[in-house]
Each structure stands twice: as C-alpha cells, then as structure tokens.
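As structure tokens, the structure follows; a few thoughts come after it.
Per-chain numbering from 1; labels A, B, C and D assigned in written order.
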Amino acid sequence: MSPAPLRPDMRVQIGRLALKNPVMVASGTFGWANEYAGLVRLDALGAVVTKGVSLEPRAGNPQPRIAETAAGLLNSIGLQNPGLEAFISQKLPFLHGLDTAVVVNILGDTPEEYARLAAALDGQAGVDALEVNISCPNVRAGGIAFGSDPGAAAEVAAAVRAATRLPVLVKLSPNVTDLVAIASRVAATGVDGLVLINTLRGMAIDVWTGRPRLGNAIGGLSGPAIKPIAVRAVFEVSRAVAVPVVGCGGITGWADAAEHMRAGAVAVQVGSATFRNPAAPVEVEEGLERFLGELGLRSCRELVGTVEV
Amino acid sequence: MSGSIQVHAELVQVEPRARQRIVCLRLFAPQVARAARPGQFVMLAPGPDGQLDPFLNRPFSIHRVPDADTLELLVAVVGRGTEGLAALPPGVRLRLLGPIGRGFDPPARGPLLLLGGGLGVAPLFFLAESLAGRPVRLLYGAATAEALVSTAGLPCRVELATDDGSAGRRGLATELLAEALSALPVAERALAYLAACGPEPMLARAAALCREAGVRAELSLEAHMACGTGACMGCARPIGGRPQRVCSEGPVFDAREVYP
Amino acid sequence: MSPAPLRPDMRVQIGRLALKNPVMVASGTFGWANEYAGLVRLDALGAVVTKGVSLEPRAGNPQPRIAETAAGLLNSIGLQNPGLEAFISQKLPFLHGLDTAVVVNILGDTPEEYARLAAALDGQAGVDALEVNISCPNVRAGGIAFGSDPGAAAEVAAAVRAATRLPVLVKLSPNVTDLVAIASRVAATGVDGLVLINTLRGMAIDVWTGRPRLGNAIGGLSGPAIKPIAVRAVFEVSRAVAVPVVGCGGITGWADAAEHMRAGAVAVQVGSATFRNPAAPVEVEEGLERFLGELGLRSCRELVGTVEV
Amino acid sequence: MSGSIQVHAELVQVEPRARQRIVCLRLFAPQVARAARPGQFVMLAPGPDGQLDPFLNRPFSIHRVPDADTLELLVAVVGRGTEGLAALPPGVRLRLLGPIGRGFDPPARGPLLLLGGGLGVAPLFFLAESLAGRPVRLLYGAATAEALVSTAGLPCRVELATDDGSAGRRGLATELLAEALSALPVAERALAYLAACGPEPMLARAAALCREAGVRAELSLEAHMACGTGACMGCARPIGGRPQRVCSEGPVFDAREVYP
C-alpha cells in the first residue's frame, strides 16, 4: 500500500501574524466581507483585509469612480469609508465571526492619526493585524506623500508600531524611484511584513467628450496589466529586506500567485480579480495547493523565493 | 449579505432586436432566473473564463424571464464588451452573477406607468409582464424608429415617442408622461406609481413631473461598476444625503431620494 | 456649392523640429526603418525614431528577450546596436532617403558619451533631431541612473544641448517618484521637447521551471497595459513645463493617440503596436486625421491639451 | 527590406491532426502562399483585430501549401494564444505577416535527410513536398504515438521513433539519424544534406553527428519573437560569432554557425 499523498502545509507566518493559508483578499476589493457572504466560502480565505478605515467617515470621490483599461481598471474611490467608530460597531462584528484572520487596513493624514487608529483597534476583538496604507494615490493629503518618501514612510510605520501590540503590515506604493530604499527603512521599524504593491497612478480620457473617464481625473491602476510591475517589486524588495513580503497585483489565478511566491512573496492578496469572479481568491488557494502537490512540495513556504536567477 | 449567486450560464441564443445594433442574449441560468425580480440586474462576463481583456463584468438589467430556466438580456452594442458578447457563438458558458440589487416596488393597486428611454426599456418588459392583468401604460421613447425594440405581445398599453417622429409621437417620452399624469384623475394620483429607466435627463424630468403631480416614482439608475456586490464602492453616489451604492442599495431608488 | 471639407493641418512643431504629422514610431520598435520598407508607407510617418545608438557596438542581453504579458510585453533587448560608426555608414543612408524626419535615439554611460554622440551626429546629413534616452531600464550603468535623478537627467540634457545644433528631445522614464520634477529640470536646459514614457520595470517568472521569462530577469513593460500610466504622465508634465511633450505608451489605434494629445501631447509615438500590425503607425495617422475632421478641427494642434478637468 | 507582406487571411478550417492537441489551421492567403518557400514562417495574430490580449503575433512554420491560395499551419495547443486560435470559428480574418525569413537551401542533387522532432516536423512537410521525386528520407520523432502527425501521402520514405516505442523505433530520432548517416556511402556524404527542425538538444546532437560524418546540415531555430521583421532584436542570439536575428537572418541557419 502506497501512502496517501500528503496535502501540502498551507500555513504561513508573517512576522507575528499566523494565517491558515497564504491567500488573502486585497483591501478595497472585498468591502467588509459581508458583501460576499453566501457567495464565497469566506472561511477558505487566509485572511480578509478590509477596505481602508480612517478616523472620520469619508464620502469619497465623484462619479465615475471606475474606468476599465486594457487588462485592468482605474479606480478613484477616494477611500470612502464609514470611519473608525462605525467600522467597529457595524462592520467588525461580522468579521469577528469568520473563521479567518482579519486584517484592518488603516489610513490617515498624519502619523498621529495612524497612531490613534492603531491604538483604538488594538483592544478590539476580531482584529488580528493592521495593514498600513501609506500608498493610496487618491487622497491628496497623506496617501501619496507618506508612501513616496522613505523618511515619512518610516515615521508612519514607527508610529503605528509603537501604538499597538497587533502585528503590523505596511503596504507600499510602486509609484516611486527606489522602492527598495523605502522598504528597507520601513522594515527597520520592526513591522511584521510589507505588502506590495498598491495601484499605479493612471489616467484615461474619453476622446469624444474630452473628459477624464474618472470623476477625479487621476486614479489607481490595478489588474493583470500591472502584474509584471508587482512581481518585479516583490522580487527586488524580498531580496533586500529581512521582513516577509506579501505580494499583490494582477493575481487572477493560482499561477499568478505562484509567480509572486517564486519571486519572494510568503503570501499573496487577490484584488481586482474578485470583481470578475468573486470566487477567485478561493480558487487561487485551491489551485495553489494542487500545484504545490504536483511539484512535490510539502509546504507552501518551500515555494517562496525559488526563482532561479 | 448578497442574495446573488454566481453561475456559468450557457448562452443559448443571440438575436437581433432592433434595426440598430441591439441584441437579445438568451441565457440558460435556472437558479438566477427563478430568483429574479423586475428591476434587478446581472453582472455578465464579457467573454469566457481566462480572457483577461476586456476585464470587468458588464451590468445588464434582466429584460425578461421567458421561462423559469431562462434569462433574457437586451444589449445595446456600444463598446468592446458588448461587441464581443454580440459576436459569441451559442453554447459558450459565461460567468453570471445575479440577480442583483433592489428591484421595482410597485403598489398592490392603482394605475401604473412605466417610462423607458432608449435601452432603459429593458427592465420594463419584465416589470410589465409581472404586472399582467393590471392597468399598465408603457411610455417608450427612443431617438428613431430604428432604435425601438418591438413591444408586441407586452400585456400593457404602449405609447411611443421618437425624436424624429419616425415612430409614434415626435418628441420625448417625458412629454407622453406629462400628458398621462395630467390625464390622471386627481383622486387616483396618490395611488399611482411610475417606474422609469433611461438617460438621467429623462429621469430628472420624470422625477420633477411626478413630484408636481404627487405621484410616487421609482428610478433605475446606472453607474460604472466593478464588483456588483456592494464591495468596491465604485458605483456609490450621493443619494438621499448619503453615499449609496447603485448596485446593492439600487439600482432602483425612490425619485425623491435621487432628486430631492 | 458648399466648399469641399478642408483636410486638417497635420503639421506640428516640436521646438525647432518640424514634422509633417504628429505620428512617429517609437525607438527600438521600428529598427532602422529599412526592415519595414515594402511593408509600410514610410513616407506617411511624421518621423522615424531609430533604435538607440551608442558610441560602441552593443551585443545586448541573453535570450529570451521578449515575454508577453497581459495586454503588453516585457523586453530586455539590452540596447543591442551596431555602434555610432556602423550606424552612420550602414543605417543612415537608407533613412536619409526617406521623405520623413529622422530622429536618432542616443544612449551612453556618461554625460560625455552623450555629448560625443550628439556632436558626431550634428554634421550628418539625414539626421533631423536627437532623442536622448536617459530612461532605458536595461543597462545597469547609465540608463536608469540618469533617468531617475533630476540633477543627472539635467546634466545629460545640458551636455547634449551644448554639443549639437540639432533639435533635442529627451525621453523620460516613468519609474520615478516625481516625474514633474525631473521634467522641469530637463526642460530648463533648453531642449526642444520631452518624450514620455519609456517602459516600466517589470518581471515575469515561469511557474513550472522557476526561471524568469527573460534572460535578463528584469525588463521593460510596454503596450496597452501601460497606456493609463503614460496618459497620466503626459497630462501632469505637459501642464507643468513649457516645452512640448511627445506622448508614447500603449498606442495601438488613433483613439489612443487622440487620448495622449487631449492629455497634452503635441505629437505621439507608436511602439509595441507595430509588432502586431506593422501598419499601425500609418493607420493611427489616418484615423487621427479623420477624427479631427469629424470634430471640425482645422489643425491637430487644436486637440492638444483639451482634456476638461 | 523585408520580402513579407501583411494580409488579412481568412481562416478556412481548423482540423485536429493528432491524438494530442495539435490542429491544422488552413488559411486563405494567396499572396503569401505563392511567395512561400520551405522553411519560411509566418506571424499570425492570435485573434481578430482590436483584441488587445494576447497581444503579440505568433510565429508558425509554413506546414504545407496545398494549393496556390492556401497556407496550412500545424499548431500545437500549448498556451493562451494557440488555445484561442484553435477555438476560432472558420470565416474569421486574422492578420498574417509572411512569408518570413530564410528557408531551407537543399542542394540540387545528392541524398536528402529531413529530421523532425515533435512539432518541428511542421516545415518538413512543405520541404518534402517541394522535393518530390528526389531521394528523401524523413526521420521523425515524438514522445508518443499520440503526438505523431500522420505522414500519409508524403512523397518520401518515413521512419518513426517514439520515446516509449508506441510507434516506430523506441528511442530518439537522432538515433535514426546516426544510423542513416553511417549507412551513407562515404563518397556520398559530401553531397548529402540534412534539414532539421525540433528541440535544441536534438538539433545540437544532429549538428554533431553531421559534423562527424561530414554532411552539411541546416537547422531551423526558434526564439520568442515580437516583430518578425528584424526590427526589434527580440530574437537575436549569437550565431556564427555575431548576434543574428532568428526571424530575418534565419530561422534556418547552417549547423556549423549555430554549433561551432
């Protein structure tokens, strides 16, 4: 009798954050998860990452907020969210009930705002980690400024780190000259992991009317179009820093996730793909598990950084 | 919690429906068809699985549910996604998410007016068929006769308007509405109801007319969408003083919320 | 009798460089133009931009050099070229015979190399302008370094400007935090125009073998996937600098060219699209002319920067 | 200056050609068919105009020119582009650039050997048919019988090899070559000629065998391509001491240049 083939061990550790598998959903593409209840096996996810939460509610940008582009889309949601208080009272209870990790994406206009968010979420049951969004291209103040300057990025990371006992991930923007420099500075603050990438700044114009296709003119580009940029970012940063890197950008199927992991990501996030197929994150996890089995790997960790250069 | 499900719907037939480029997609999707209510919509993949461009699913109103297993969508071929859909061979299976959103909520009794502008007429077929036997008038406007979809067989009275007079009244469908409203006995106005779908200027005018006449009106809105589940906030716009998502809080809204 | 509709005036002026129409081919995607003789009406082009020329011949990178991605491709050609001397003796004569402007793309490892190239090409019959490539992501020395630092970029631009009487265009890289800062510094050196964008740095990995899909691991991303990034770059830079901007990135049809022009480009370059359709640049020009006619514009210059924000 | 032209070729037929996923695309492309020579190839768009993904044209050898108006391509379905092509309905028009490159240059007399590994056999059909009446032996290897394309009707002697022995000799096609070469009378070797197409290890072995035997050999190479015109340098690799472009200086090269 030959032994039954072992299922690969899918657990991953991102600093102090333990996940049952490496496939999360990306912030802003999965709402507060309740929108997908009944449609997706939420418990099959490695983690749910929430839409970005700020101290006060934000109404977001004018319509249109979505513009499709070649193999991708631009969005200018403008970080619409109900604010910290309503998040805790209205959104968190549902998330807490899920059998998966909950990562809360936070954003502010000053390091102090980030610190206040981090402190307030520290004691909340149901919050397993924070993801610090210093990279959203849509909000003039904060957002892009922090994400594109190594010193400012590190300042925000350090402020959050000091304000909470929760594991902290920092999500970086690709719209920079030297991502490795920013990543190194942020990593040195003692955070648990880096997430890359957020969207690229882009624009589209209706040639007939002459109006931008987004109400906000400029938005963030995501989807398969940006995958090569994301994989490159993961590759370069994961070789340069000691903290774990989570890959995000253009993942629609398990092979894209495997590509990110080979490049150096210990885990991945599925974003825009969920728009065309709500089951995409779950299918990515299942496919990844089968792929690891075919390669004869016993753990998903064995795939990480295996690109041969 | 969404009431929608995702299926791989088989494309049964693609049929031209007007002299202009409008096609009717017939899809085999029993679970969605059975759950559908008038005014709801679906998100349809613009091509088979694995196709990365065009990337996003397309929102389409549920045009008809001819039998318990089948959905019909009325699709204007206006861009890359709809061109691709109109050219697909029958037999293809497409991801379909639905039924989505809040549909029309007509009153149990009283006179019923339906106002459709252009492709906005699509969901009103389903609505009219669900109201068979009741006093329904469909006011339907389009640019030209070429752009009109046949209303033969609809269980309601139909009045047409075209911009160039090539079919029905020359003028706007809202002119038909103004007449229909003023013809309503004042006593019946509080019971009357309008369901409207079409371009925003038409909706705004209809809302104003119904407000004046004291008639309750519901409007079906459009917005560019990514998810269709309420998750992305892509379709949110200020309605009734707060951001509301066209996909999940709508697409049908009370006219007084949209145009306060 | 109603007057015959006038054909729109397609002539453009980019600083001191006059073109018969605003549609050029992008450097590296059209070889030395002779490859397309017999296949394309070369005289219909606004300008031919050559593959990058260096002082000495370069052999380029190992295979594979091309990897397709979603709605785009990665390349790591590595600036293979026969060197200045062979360019002048073997490639220039054919180009000189064409009834279109010839723009020579140059690249070096130091400002002095750029200056020597510029000086050497100054006297050459058949050369109408230079395009300074400070943005190629493939060559370690030079390339990326100049393009991503405002001071270094301006130094190269000034060196070229001083070494030649030819009109000078400088081609910028999008792989930077603050493109407007670099563009402003370069514009201040008195060059005739800016070209943006070059490719974005990207990577792709074969998940089965674990090997990068490019011999050089990292390459440049081009094609429709990057159009939103290019349009945004053109928009931002053209509003910030006084010199003309040439748009490049993701143009496959006339509407893409019109989008770049509405964003602020006085002229455009068609790159990767030529790989799938050698006639693309000519079809873009023809379509643009028809579009301008439909809009009732008398000159293509009337479209430039007309985006309504 | 390229001798190629670009046409919109009509896809006439897509026909399975082996038990594994190999299809024959028949295209109506008179201008290209008339100009084609054995060993040349075409760049074929992976879908209709306007499709942005997959983006690049695909290179395929000219498999046969069954009549003056028609090209046949033998296509292994291995990825997104070839999957899309194999699923296209007849009647579709696809951009096609060709004929491209330097083909085979067999001598006017002397024994002729053709060596094909896997899909590398594709251009050897055209070559064999162009050499009808002369003493040609086709040595054809594949992994299994399932992967073999029928050689029925080819005007030459055919010897088969499969890795698993499911058809022909068990082993490699280069073993057939070794035997064929050693069977050649020494006097004929200087006149003999080998045309080979297939995986690089097979080509390397064939080059070594021919060098030993003193037989001239030509190899058809592959490379990832963007333009197919010689413009992009994407397919260039060091051959004969300098970078040469597989698309325009090849795809057929002298074996001694490739493996010096």
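Assume a contact is a pair of C-beta atoms (placed from the backbone, for glycine too) under 8 Å apart; a residue touches a chain by one contact, two chains touch by 3 or more.
The structure displayed is predicted, hence computed values, not measured ones.
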Chain pair showing more contacts of the two, C-D and A-D: C-D
Chain pair repeating A-B, as identified from A-D, B-C or C-D when over half of the contact pairs by residue number coincide: C-D
Rounded Å distance between subunit A and subunit C, as computed from the means of their C-alpha atoms: 34
Subunit B and subunit D: spacing of chain centres that average the CA atoms, whole Å: 54
Distance between the centres, which are taken as Cα means, of subunit D and subunit A, whole angstrom: 46
Junction residues of subunit D, two or more chains touched: 52-53
Residue list for subunit C, restricted to those that touch at least two other chains: 69-72, 223-224
For the subunit D and subunit B complex, residues of the former touching the latter: 50-53, 80, 89
Partner subunit A, residues of subunit B touching it in the complex: 1-6, 45, 49, 52-57, 95, 97, 223-238, 243, 248
Subunit B-facing residues of subunit C, complex: 70-71, 224
Subunit A-facing residues of subunit D, complex: 52-53
Residues of subunit C that touch subunit A when the two form their complex: 69-72, 74, 148-149, 175-178, 200-205, 207, 209-212, 217-218, 221, 223-229, 231-232, 235, 250, 255, 258-259, 262-263, 291, 306-309
